[in-house]
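Working notes, beginning with the structure itself.
Going by the order they are written in, the chains are A, B, C, D and E; count residues from 1 in each one.
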Amino acid sequence: MAAHPGGLTAVASSGTVRSAVGSSSGTAPATGAGNAVSVRNLIRSFGPKGVLNGVDLDIAPGEFVALLGPSGCGKSTLLRALAGLDHDVRGSGVISVPERVSVVFQDSRLLPWDSVLGNVTLGLREHDADSRARKALAEVGLAGREKSWPHELSGGEQQRVALARSLVREPQLLLADEPFGALDALTRIKMHGLLQDLVAAHRPAVLLVTHDVDEAIALADRIVVLDSGRVATVRTVTPEISTAVDAAGHEALRRDLLADLGVVGTSH
Amino acid sequence: MAAHPGGLTAVASSGTVRSAVGSSSGTAPATGAGNAVSVRNLIRSFGPKGVLNGVDLDIAPGEFVALLGPSGCGKSTLLRALAGLDHDVRGSGVISVPERVSVVFQDSRLLPWDSVLGNVTLGLREHDADSRARKALAEVGLAGREKSWPHELSGGEQQRVALARSLVREPQLLLADEPFGALDALTRIKMHGLLQDLVAAHRPAVLLVTHDVDEAIALADRIVVLDSGRVATVRTVTPEISTAVDAAGHEALRRDLLADLGVVGTSH
Amino acid sequence: GGTATAGNPTSQASFTPLAASVPAGTTIKVGDPSIRVALELSGLIKDLDGINVEFANISGGPQTTEAFRANALDVGSVADIPPIHATWTGLDVRIIASAYRQDAVNHPLYELGIAPGSGIAKLEDLRGKKVAYSPGQAQGALVLRILEKAGLAQDDVKLIELPSTGDAYSSALSSKQVDAAPLGGVQIKRYLAKYQADGATTLRHGLRDDPGHLYSPAKVLADPAKAAALAKYAEAWGKAQRWIEDHPKEWLEGYYIKDQGLSAEDGQYLIDAAGKRDVPTSWTEAIERHQQTIDLLAREQKKPQLKAADLYDTRFEAIAGTAFTVAGKGGAA
Amino acid sequence: MSAAPVLERPAVEPHLDPALAAREDVRPTGRRLGPGRRRRLAWLLGPSVLLGLWTVSSATGLLDPRILSEPWTVVATAGELIADGRLQENLAISAQRAGLGLFFGIVVGAVLALLAGLSRVGEALIDGPVQIKRAIPGLALIPLLILWFGIDETMKVLTITLGVFVPIYLQTHAGLRGIDLRYVELAQTVGLSRAAFIRKVVLPGALPGFFLGLRFAVTGAWVSLVVVEQINATSGIGYMMELARTYGQTNIIVLGLAVYGILGLLSDGAVRFLERKALSWQRTLAG
Amino acid sequence: MSAAPVLERPAVEPHLDPALAAREDVRPTGRRLGPGRRRRLAWLLGPSVLLGLWTVSSATGLLDPRILSEPWTVVATAGELIADGRLQENLAISAQRAGLGLFFGIVVGAVLALLAGLSRVGEALIDGPVQIKRAIPGLALIPLLILWFGIDETMKVLTITLGVFVPIYLQTHAGLRGIDLRYVELAQTVGLSRAAFIRKVVLPGALPGFFLGLRFAVTGAWVSLVVVEQINATSGIGYMMELARTYGQTNIIVLGLAVYGILGLLSDGAVRFLERKALSWQRTLAG
């Protein structure tokens, strides 16, 4: 997690899907070239309602970006656009993403007709897919549940299966839409660890949607706050801040982010 | 929110479904009589696996209980048992609940074929159901979305519709399974306010499942931690603790609860 | 097989003589679509004033017997096989009027269609050939009679069971799935028109296949009021036969073209093919021929014996024939 | 203790333009696994190809007109029959019979499906006999129907009804039984009455199944006419075809088949149109 | 600043007992909106009632045996036919024809449904003609089938296939089109190949529809025999019935109907059994 905005620390893994066209306006933090993700002037709307009103965003290879923003501000819409899932949504803008993108959906989205194991190995072509999936399931605390149906899992367990599904892959870009929302504090910390291990091992670019400011600070290199369909603020998290929890800088960043989100005064 | 365990502060609204049979063993915190909810020696299992291994729980009328516990420990199972939704689950124990129970499910569970408004008014027989539902929707920040289909809403918006659906009812017991999990900090605070208003107005007994320790402290009169299928700890929250956020007592309780959940040392 | 009961439980003696007049309010349900048109075209329908005649568009064996069982019909118009089968299935029926063709052998209803290239020039050539056969239908009985005439047993040919619905037989012939199949009416003309060029022919069987009957359930005939009404109908029916005979133009126009939607050419073909009508005043000869058919069917299809005479209600014997004859004289005058 | 947090606040103007389409739009384009966007009038392609094949093979002599009349002959025949009013008359009568049968079939099928779907007693009593009914060939039932209901219109409409109610029943029943248990639980917790449960959960949930049943039912009703109008009918498209068959009028037979085909396509299309309107809440592969 | 938090730690023993059922179990019992628990053998109720009605009305003379033979006559007839081996022989031949037709029908229907369901071109080309096919009465097609495929076994199996593939197609197609878009999106993001998409998402998702189609198809295959075995057949249950009709052997006809009813019930039951096994992942009202 040492990559900085626009930095080119890790493996150059920018994909071949579309080269980023540099025709962006505004003060986007970096140029498109060399970035894993480059979004320019992204506009998306459902009916007359504009959801994204010109989003610019770059993510360097290996960079971990957290996306915050009020409910309904367009975080999932942005992720879906990056994942290429919005064929039928009206809009414009230029998006460039790597080839191998992995998505953790806001709903866990397990195939109801496949076992937990089958859901994790879905789409894996490697011959050791099964054993890797078993390992990933064990890591998220679901050893022994390989044969369960998704509907036999608790909410948090389903979410962890979805996480395991993305852990066994080696994406160049990981898009995760509130992957820890239904987890208790302890499990959540464990999952953070797993995600950090994945990032350390394969250095994917990560865009993580979360509502937990602390989580954003702990995990991200950079925190982007979305508001009114645009990038309202971008805050860089230095390693010092993210690791030293009780530090003043940490508390200040926390307070600032909450303020960005409209929470005035110290919340609980 | 002043009721204490076993206390008889508020309106006596214990229902008529089943009287609590006092044949419980163990050291349950209070006797069943006069309680809105009384659970004795509740055992539930899926297949050979025991999920609830003898839960005892009483909730006084008007009392607000928060339920914490690791993912998969049986919180939803307990709620479903209280809601009478586990016809087909094996188990034993004695449950007594009031007549009018309202449930906020862990998934928002909106009927996909009904509009947002239709989902909120579902089952309401009052002639002013529509206007009340509109008001509730406005309160959760979804004015103008009455005619949307559920699939047109963001995750947090769906959760708020489910909340609005429970707000327009006047239950004697409100069972809420992580109703704020997908909400950002600001929206979450607003929703807390709405829930507190509802509680103040109708004084239902409330059992709220949450993973957010701060949320539990802010809202609950009593916090119950479930572990290994039993009530592991019960902590009472005095009004002083819950309101004075920066107080030492608050921080201590927070730390204790995290410890109950297995998080050692100060988490972020 | 052979589980059906033979013979008619109601004997001719149990019928009361026909009353001269029809009680007011008597209703008969008639399944005789073509004569209905003739009655209307000719105005003979007025003869039936005073009787409630309800026409149903039902004819042919299976449909009329089904309707008889359901009490939905009092009299139906069929060929000579259905009364036999009806009796075999335990339905007691009686023929009350019969019409034939003069020079029937040269005016057959059916001819034997011969598939192109099958080399059948005479009936005896059928030996070893595939012949379409529909056991329950008149065509099926005809095939058996043809084989008998050719001196062949069922085993000497290959009977291919095939329902004769629509143009199934001409399809089967033209695609050489069968070598011979009885074709009736316009189908003969069409088959030749289409496939003569390929070598298709038809063969005259030289048998009488002309009987047409009115028949009723014995239960209905035992009701004096209905019986009297049916006697009136049989009379009108005889007159109508004569009218058709005498008015080919009107018949062509009113029935074949307007009612049945045929082209003038097809209608004329059918009229020509039918030749002159014959409605006898005595059934003796007809009963004899009918008995032969019964004997053949009983033998070939392993059915109980029947007396053909039991199939006829002799009270009606002269009615239609007399009406036909008298009307003819009247028409000539 | 550490560096102060860095704030970058990009100054982008909000600029949502109604004319989005005019803008540049470059998206990552993954292979699309679904069938893609619905295209209007695309459904005409198949029938047109069929018609084209028929025309071409007739014109080139590949298809013997003795086997299947040429399209132009059929069109000419249609012209004649329309000119003298026969086609319309027969169609009108048939449509009335089919319509009545369809109506009763839908009502009976849906009611039985509800009874069998919502109670185990109802299911035990109703489901078996319905399965038996549909296993028994319709033709074999006609004698019984004549026996019980005579040979008039009643019997015709009833026969159609008996044919039509089966798919409606089966599909609605399956649709209903396929409703996600989560919605049943929801209905229970909001205290829906039985009637409201049926109205709010069961019927909408079973609607996709019902519509599929309806698609079987509409064509079923038309097809039944062939059988029904052989019995004591003097009009109707089935009667017209039967008559043409006895006289070997191939052109009228083929016209009849074409009419059936067109009726089938149109009624099926109508049901699917309704379906799309009624099920607009669905987000499925159909798009 | 405030009172210290209070801790109560109840000392309850873990005591999960395998013999849970023996314990007291008092639950809030809301009215259950679903149909409740499935009961074994309940499906026998309806057919039994039907049989009872038949027996009673025959015994009391309410039902004329000339209209519908008495159950005991039918049983006796069955006994005779089984004794001389005719029933088994005919059934075996018919089962073979129906089975072959069913097999090909399932393959054709499923493949066409996949083609039409997964591509718009496929749909445009296939769907219309299938709708036309199913709108055209089967009886009317027989002459054409004789022309093209003769009158041998091929033609019989083909006719059954043509009848069977329609419901399989329609249901599978609808099931497939009804697959939740969310799973298609998932398939896309995990980079499923087209084949894997079909195997992992499309087929399982369309399975409920397919099974319903199969239920129509199995009875359809049996029923088709009535028509098919009139053509150049000397054996088979349809032939046996046709012969009996010709000769007015009511008892054999009714026996045939009973056999159809039983076959229908059994094959439908078999499909539903398979369905329950294959769709055990479903959590629906069916329970």
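Criterion: contacts are C-beta pairs under 8 Å (C-beta built on N, C-alpha and C of every residue); 3 or more make two chains touch, one makes a residue touch a chain.
Owing to the predicted nature of the structure, the values given are computational and were not obtained by experimental measurement.
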{"item": "Labels of chains that are neighbours to subunit B and to subunit C", "value": "D, E"}
{"item": "Centroid spacing, where centroids are CA-atom means, of subunit C and subunit E in whole angstrom", "value": "44"}
{"item": "Between subunit C and subunit A, distance of the C-alpha-averaged centres to the nearest whole Å", "value": "86"}
{"item": "Distance between the centres, which are taken as Cα means, of subunit D and subunit B, whole angstrom", "value": "46"}
{"item": "Touching two or more other chains - residues of subunit D", "value": "30, 32, 37, 147, 182, 187-188, 192, 201, 253, 282-283, 287"}
{"item": "Multi-partner residues of subunit C (at least 2 other chains)", "value": "69, 165-167, 174"}
{"item": "In subunit A, residues with contacts to at least two other chains", "value": "83-84, 101, 107"}
{"item": "Contact pairs between chains, per stated definition", "value": "A-B, A-D, A-E, B-D, B-E, C-D, C-E, D-E"}
{"item": "Residues of subunit C that touch subunit E when the two form their complex", "value": "1, 3-4, 62, 69, 85-86, 88-91, 135-136, 160-163, 165-168, 171-172, 174-175, 177-178, 301, 303"}
{"item": "Of all residues in subunit E, those that touch subunit A in their complex", "value": "182-183, 185-192, 196, 200-201, 204-205, 207, 279-283"}
{"item": "In the complex with subunit C, residue positions of subunit E that touch it", "value": "66-67, 139-140, 142-144, 146-147, 150-151, 230-234, 239, 243, 245-251"}
{"item": "Of subunit D, residues touching subunit A in the complex", "value": "1-18, 20-21, 23-30, 32, 37, 287"}
{"item": "Subunit A partner contacts - residues on subunit B that touch it in the complex", "value": "46, 68-72, 75-76, 106-107, 141, 152-157, 160, 177-178, 181-189, 211, 213-215, 217-218, 245-246, 258, 261-263, 266-268"}
